[in-house]
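Below are the structure tokens for one structure; questions will follow.
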Amino acid sequence: MSIDARIADLGITLPAPAAPVASYVPAVEVNGTLYISGQLPFREDGSIVTGRLGQDVDLAAGVDAAKRCGIMLIAQIKAALGGDLSRVERIVKLGAFVSSTADFTDQAKVANGASELMQAVFGEAGRHARSAVATPVLPLGAAVEIDAIVAVRPL
Amino acid sequence: MSIDARIADLGITLPAPAAPVASYVPAVEVNGTLYISGQLPFREDGSIVTGRLGQDVDLAAGVDAAKRCGIMLIAQIKAALGGDLSRVERIVKLGAFVSSTADFTDQAKVANGASELMQAVFGEAGRHARSAVATPVLPLGAAVEIDAIVAVRPL
Amino acid sequence: MSIDARIADLGITLPAPAAPVASYVPAVEVNGTLYISGQLPFREDGSIVTGRLGQDVDLAAGVDAAKRCGIMLIAQIKAALGGDLSRVERIVKLGAFVSSTADFTDQAKVANGASELMQAVFGEAGRHARSAVATPVLPLGAAVEIDAIVAVRPL
């Protein structure tokens, strides 16, 4: 099954890749490595999941927000690879930042929303290294931000 | 125009590269990739821009602090490349950490101070991927810290 | 002296590599670069050093926690390299996250606990780039989390 078929099979429709909220680019490919900018958790209507874990975003909503970051990461990867997700050799590393109160310690569970998506979509190639940490707040008030490093096959 | 000429044209004088505030090195080059340690916003007199966005550092001062981090990143890149900035193939990724109160959400605008500098100095090669997040505080009380990944041409 | 001998000489016994606390893998090697997931400060009894710098973890305990993260990083590197630490070409970059109150500004000193370990163990090859920032809290309440990028020699 192709990656695109697996994405459809998971009931996921890739959104239009979000434009950067500032003066940078969503992805840079160099020497077989693709760096994807930190992605925010966009809803289908283009709004962002905002709030803070431990306060106004519960664990399930946090996991869902992380999955939304992951979906946007995949949309950015696809756009950067000219639409060809079969060029993904390996999801190498995710960097997850979770907006958290000082007593919320389940950042790892939240980030799993993106990690499990990567493995569901890319299989063995989706098994990645990761760091997951808390932040007091994130750009635009987002609940989660995740960036990625991806190894890609040459054209 | 050479990169050095463009820097002069922008009215920027590169400072002496700051010594690490601890036991590590400012830059490591390996296999064509240069990793620059997190840089703080130094003023011309060697002091650091301290404080927190949303509290005692306003947006304009935050943007300026991020630009100062960017200037120090370029100074470190130049030192790591033996003075030859023409070896910069691409500014690949910036990681921006903005000292913020819990209700300040313009980390992306702050980080633009460094991002716009990179594009002004390096042109197309300065267009980078980025993550920008908040931190409750930073080393030495700095307002912003930014690290970088740079692709470099072989000697 | 071999790296293993140097580790023993430093009085360090590498622990069993910690299992990820979530759905990801501890290390990914691709194109000569090894990415190690964020590691927490495990004690010999398997418990984690928890708390926050500036509150209930003093500087010395923070430095020790960072060293424990460093020991676990080395244990993960060794496991990822099939037990052969001589394949380490360079510790390239450490990313240190220090759980901190809003007025604690010695994240760099804390992170030195890991940085000095890397230089003691790997010598010149242990001299790395680094970023060190604060977080309001970390997964499982850990005091410090550190991830790593390592250049490795081919098999």
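Just a few scattered comments:
Letters A, B and C mark the chains in the order given here, with residues in each chain numbered from 1 onward.
Quick note on the criterion: a residue touches a chain if its C-beta (ideal position, glycine included) is under 8 Å from a C-beta of that chain, and two chains touch if they have at least 3 such contacts.
Predicted model only: the values in this text are computed from it and were never measured.
At the interface between chain B and chain C, two copies of one sequence, fewer than half of the residue numbers in use are shared by both copies.
For the pair chain A and chain C, the CA-based superposition corresponds to a rotation of 120 degrees in steps of 5.
Our note on geometry: chain B versus chain C, Cα centroid distance of 25 Å, whole angstroms.
Multi-chain contact residues, meaning those touching two or more other chains, occur in chain C at positions 31, 135-136.
Of all residues in chain A, those touching chain C in their complex are 31-33, 89-90, 92-94, 100-109, 111-112, 115-116, 119, 127-136, 149, 151. Within the complex formed with chain B, the chain A residues making contact are 20-28, 30-31, 35-38, 52, 95, 97, 135-141, 145, 147.
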